[in-house]
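Each of the next two complexes has subunit A plus one other chain: subunit B in the first, subunit C in the second.
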Partner chain A sequence: MERIRNILKKCLAFILGKSKSILVTIKPSLIAICMGLIAGIIMMLIFNPSETLSGLRNLLIGVIYRNNQLNLRGILTTLHHSTTIILTGIAVVFAFRTGLFNIGASGQMMMGAYVTVHVGVLWSLPAPFHWIVGIFLGVVAGTIYGLIPGILKAMRNVNEVVTSIMLNWIAASLLVYLVNRNVLNPFTQGGSQNIQPTAIIPRLFSNYQLTIGFLIAIAMGILAHFLLYRTTLGFQLRASGFNVDGSKYAGMNTKRNIILSMGISGAFAGLAGALLFSNYGKTLSTEVHVFMEGFEGISVALLGLGEPIGAIIAGIFLSYIKQGGFYMQPAFRPEISDMIIGVIIYFTAISLALQLALKKYSGKIKTFIKRKHLTTREEDEQ
Partner chain B sequence: MTYKIEMRNITKRFGNLTANDQVNLQVKKGEIHAILGENGAGKSTLMSILFGLIPADEGDIFIDGKQVHIKTPNDANRLGIGMVHQHFKLVEAFRVIDNIILGVEDVNKGLLSYQEARTKINELIKLYGLNVELDALIRDISVGQQQRVEILKMLYRDSEILIFDEPTAVLTPQEIKELIAIMKGFSREGKTIILITHKLNEIKQVADRCTVLRRGKMIDTVNVIDVSINEMADMMVGREVLFDVSKAPQAVGESILKVHNLTVKSPEQTFVKNVSFEVFSGEILGLAGIDGNGQTELIQAITGLRPFQEGTLTFKGIDVTNMSIREKYELGFAHIPEDRQRYGLILDFDLQSNLVLQNFYMEKFQSKFMLKFDRIREHSEKLINRFDIRSEKGPSTIVRNMSGGNQQKAILAREIQKPHHLLIAVQPTRGLDVGAIENIHKQLIDERQKGKAVLMVSLDIDEIMDVSDRILVMHEGEIVANVLAKDANINELGLYMLGEKREANNDGAHS
Partner chain C sequence: MIVFYQVMQATFVVAIPLMIVALGGLFSERSGVTNIALEGIMIFGAFFGIWAVQVLEVNQGLSVQMLYVIAVVVAGITGTLYSMLHGYASIYMKSNQIISATALNLFAIAFVTFIARTTQGGSQIQYSSRFIINRFPVLHRIPVIGDIFFRQMYISLIFGIIFLITTIVVMYKTRLGLRIRACGENPHAADSLGINIYRLRFLAVSLSGLLAGIGGVTFMTNTSTEYAPTVAGFGFLAIAVLIFGNWKPHFIALAAIFFAFMRVLGSYYSNIPFLRELGIPRDFFRMTPYIATIIVLAIFSKSSRAPKALGQIYDQGRR
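And now, the complex of A and B:
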């Protein structure tokens, strides 16, 4: 008995100790979320003061609880929509942890999406293999597209931010060209054909949109964490990310690390595109545009504090707020939730700076008061 | 009499270390006052307190007999105290004149006005002979000229007290002569100068009085004219530290590293010209020279951090000219790098990860690409105990939070424990306190007793003389001398370092 109690005590102490340090780590995100919600409330007060309270309630808990019952559809839709941004978030996080800024997740995602649609429309394979092959080749496409800025950075020291932004637009145009050439829907002329039923990824529950893609995304978050923190590869990649000269000195192949890291990051983004477009009824448009989910991945990565597990949580959270925005209708436009997300991201980005500024400022005030005190004393002495 | 500056009973502690212990400093108006002491003796701490960079725990400061409270460098500036830091604080992309007026610009209707500033600066330049092109960009001018910009910054702010922190460390002999002349000019104009240094010759040449610090304590203040260089050295080193490193005789063995006709250049500059030498097992080969004469580039080329254009490297008979850094480590290279924070460590990693930085992929620490964290921890605990690496959280301490001395110990531990035949140690004691220096010297000599080859680069000629068995001197990218330490004398080495003398024939092997 005594022993069990001791063990329990230790466990409790461990959890308490951990939770305190976790709280400290996620403080910037929490501050940012609060600021976002405050901004949301102010906006709601301006547009429709009488409905503010009910609007806020719908925004915050409409996804879970609505019309006096559990809102299962809301929850599952939220998770479904989070799948893509979790993965693009992981893509950005992975590159970030290794010292690279992959702003090209959109482009890598588009290439993944196209290849998956291509396989889904044009190839004929039996059911489980068809979607598996489609998604797998989508990941390969994303990887290859991610390798391009990686190789340019490693071999020619070209800034990956510049190249990957440009590659986004190349991907956007290439996508339209390929859709028009290979998989154009002859009836609508405005998009790709529907993928074959065998190429559609299975749902988790037949009545809801949520697919096994969500589970894959969670697994990828854990995989990315594992890869970064437990393997020799992750050790090298992180070392290069923190200190290129130091890892070169330690005998690591920093050029290879940059290429690998961008390739892996591209793979996650490619998977995001592949999973999104193996859903029922998803087609590629023939209008040139860059997928926004890639940029949302940057937001997810920021709010998730640059950690893969954080990206999972942040992805679900942002998707939750977005979904909550729909339940604010008709009193409010759902764009309110987009604005809230914007403010949250803004404050995540500056919250560290904000904390530092507060610290500095408080110090200055103190010295100012002290100096006043001292000068008066010196005058007295004279 | 009233002193220009008086610091009374200054005490400053960092944790367990007392950097300044009841230090008194009295500086007269218009004198050049040297502060002498070894690395870690507390010179920089004392000056940082005077300049408002760090607060003192105890003690008072008086300027012109009036007690003052200096909390920030801005307070110091207001009191007419200026400082030239060892590492300059200039904006590289700005012009010289912009750097001088930065922070105290004249503004006319919202626009910068240079006219008055330019007149004033030109007068200062003429008065003190501080020639520098006002419209050149900082990044385009030499280090010596950058130092003049720092000096002009102080003068432009009408500083009456000028602090120089190790000003000659980065200068060529010619520039040092000019600087000494400039400092004497300041003294003639009635400015008060504090010179921080550990170079005895310079003090003899330029200073009026000298305060000696040792291990945080003030030993004495003397008139420079009354004491010899040897007496000052005795005061600085003290009796309790043995600087005569005792070495048992050790037979020199086979050739470990052979460098043949090595040339390192960039498109603009040749750093190393056709250098050849050998390091043998059982010897410590000291590479001496004034900073910036190609030592850094030579070592980087040998270790693989920098490509070289001509020449070959042979390690125990194996051609390693084109080998990767990792392959060299596997053959038996160990390297204590010059810049420990840039190269030696990943500062944001924990201590245990840093201790396996070069061999994390080996069987011992890895299976099927998974790191064996229990083994890594075990390994690090062993090293922490053996080398007395002190840190807050042991193996999990983030290295950035460790002190410089312990960071250096961590590198030393990692490099010495791994299997190797050659240890390359570049400035292994830079920035360390006396005790740590002694310990590192002992470790280097242990290496030699074990029959390893040691190549040590140091800017400190005394360290070279004490520790090495054989000495190479580099000047402007060439090896100009190759002498046995027991036959060498410091004056002769100094002449070699200045390039005023060179050996007719040196092939880098034993003569």
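And now, the complex of A and C:
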């Protein structure tokens, strides 16, 4: 009996210690989330003060619990929408670990999306192969598009942020051109045709939108984690991320690493586009615009602390906030959740400095209290 | 010939906002802070500028010129305030410059759409004023040039020229300009000579916000008669202009005209028989500026005049 109690005690201590260290790691994200929610509450108070409380409730728990019952549709829709941003988040994370900033996930995603739609509309294959081939070729397209900034960075030392931004807008125009030329819907003239039924990715439950794409996204997060932390390649990539000169001195081929990292990152982004556009009823528009999901991937990566597993959690969380914004209608416009996300990223960016400031002030307050305490004690002694 | 005049006029209509925003980017980047938040600042500034127009144009007493000046001032002030968020995060709080700028871009679209939809019912803001001078006195009689510049002239053209000259003077003829340039090349050396790097960079980023906000409202008034929460990637195109112009104001003006010309060719494409026969799809004209920028970067990366300390976080304690 005594022994079991001891073991239990040890387990509890272990879990507590572990959770404390986790809390310390995710503290910046938590601070940022709080700031985002405060900003959201302020906006709500300004524009519709009487509905603020119910709005906040809908934002926070509307996805899970609504109209006095469990909101299964809300939960599954949240997971469905999180698929894309989890993958773009992983794409950003992967490049980030190699010291590269892949702001071009949007462009890579668009290329993946186009190739998948192209295959889905124009090719005819039997059912399971059709969507598999479509998605696979989408991934290849994303990879190729991601390799361009990687090669330019490795060979010509061109800043990958600038090339990626340019490539995003090239992709936007290229997409419109390709859709107009190859897969334009002759009736609406404003978008691509629907993909064939055989090219649609299977759903997990027939009544809900959630597809097996979500499971693929989770698997990709785990794969990216494995690749980064359990393989030689991952070690090399992370080493270049820490210190390019150091890893070069240690005999690593840093140029190859940069190209590879951008290629893999592009593959994840391409997969995001491919999975998104192999859903039922998804069509490409012929309006020139850059997909926002790539930029949301940056948010996911940041909030996920630059870890693939973190990106999964952060992706689901951001998708949750977005879906919550949807349930805030009609009292508030759903854009409020986008605003909250913007504020969250801003505060994640400055959270390190913010934490230092907090520490400084808390230190000051502590010394102030201590001094006061001491003086009162001295007075007592006298 | 009429098509030629149309194309040239349209080119300047597009080129002016592009140039103003790129000049804004110039201030920020020459001081060493990348500013990819230009797009968000444009959206933000333009929103408040157009809102002011919509509110004030009910009042018949204001002339079109006056109204335009008010819109520019409002957009400039809001743009400055908004860009200060980027400056604060990336300079004083030492955050990653790309990240805080991305946050600003995301927030601007959401914020503007939210406010427009809540207060206006839709995400568009309608206004009826047209900021055009039909015939500029005297100068419209000059052949060719008069036809291109001084008939149906947008007021923004005057502003654009003023901003270009001011930027050149400030950058190359004043102490502030010298300090900003020094700050982007070698901040530690500049610091050792008694310049407050943090304050100077903050000022430069604020100036870029001022110009980006004005550029945003110019873009709206030049290209449409209603406000929509998008500037069609002009903020990013302005960054391309800045790079293509090799971080120098006069080259930026030329690059803006070239990029605008390409964009206009894309839309006037079907009216020009010569281009129609070539069979180049119109989307490729839209792509050209971006592709040209990448090529220039790839080929001339050695001789590029990019500020040396661009994108680096300045920390006084580090050598």
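Miscellaneous remarks
One rule holds in what follows: the second predicted complex is superposed on the first by the 343 of 382 C-alpha atoms of A that agree within 3 Å, B and C clash if a C-alpha of one lies under 4 Å from a C-alpha of the other, contacts with A are read in each partner's own complex, and residues count from 1 in each chain.
The rule is short, and it goes like this: a residue touches a chain if its C-beta (ideal position, glycine included) is under 8 Å from a C-beta of that chain, and two chains touch if they have at least 3 such contacts.
Predicted model only: the values in this text are computed from it and were never measured.
Of the two partner chains, subunit C is the only one touched by A:345; subunit B is not.
By the touch criterion stated above, A:336 is placed in contact with subunit C alone, subunit B being left untouched. Residue contacts after overlaying the shared chain place A:103 against subunit C, while subunit B stays out of touching range. In the superposed model, A:140 makes contact with neither subunit B nor subunit C. Legend: residue contacts after superposition of the two complexes on their common chain; A:212 is shown touching neither subunit B nor subunit C.
In the overlay built on the shared chain, the residue A:156 is in contact with subunit C alone; subunit B does not reach it. Counting the residues of subunit A touched by each of subunit B and subunit C gives the higher count for C. When the two complexes are superposed on chain A, none of the residues of subunit A touches both subunit B and subunit C.
Those residues of subunit C that touch subunit A in the complex are listed here as 34, 36, 85, 88-89, 92-96, 98-100, 102-111, 113-114, 117-118, 230, 232-233, 236-237, 239-240, 243, 281, 283-284, 286-287, 290-291, 293-294, 297-299, 301, 311.
Contacts from subunit A toward subunit B in the complex involve residues 230-233, 235, 238-239, 242-243, 245-253, 367, 370-371, 374. Those residues of subunit B whose C-beta lies close enough to touch subunit A in the complex are 69, 71-72, 303, 305, 324-326, 328-329, 335, 337, 342-349, 353, 357-358, 360-361, 366, 369-371. Against subunit C, in their complex, subunit A makes its touches with residues 43, 47, 101, 103, 152, 156-159, 161-163, 165-170, 172-174, 176-177, 180-181, 288-290, 292, 295-296, 298-299, 302, 332-333, 335-336, 338-339, 341-343, 345-346, 348-350, 352-354.
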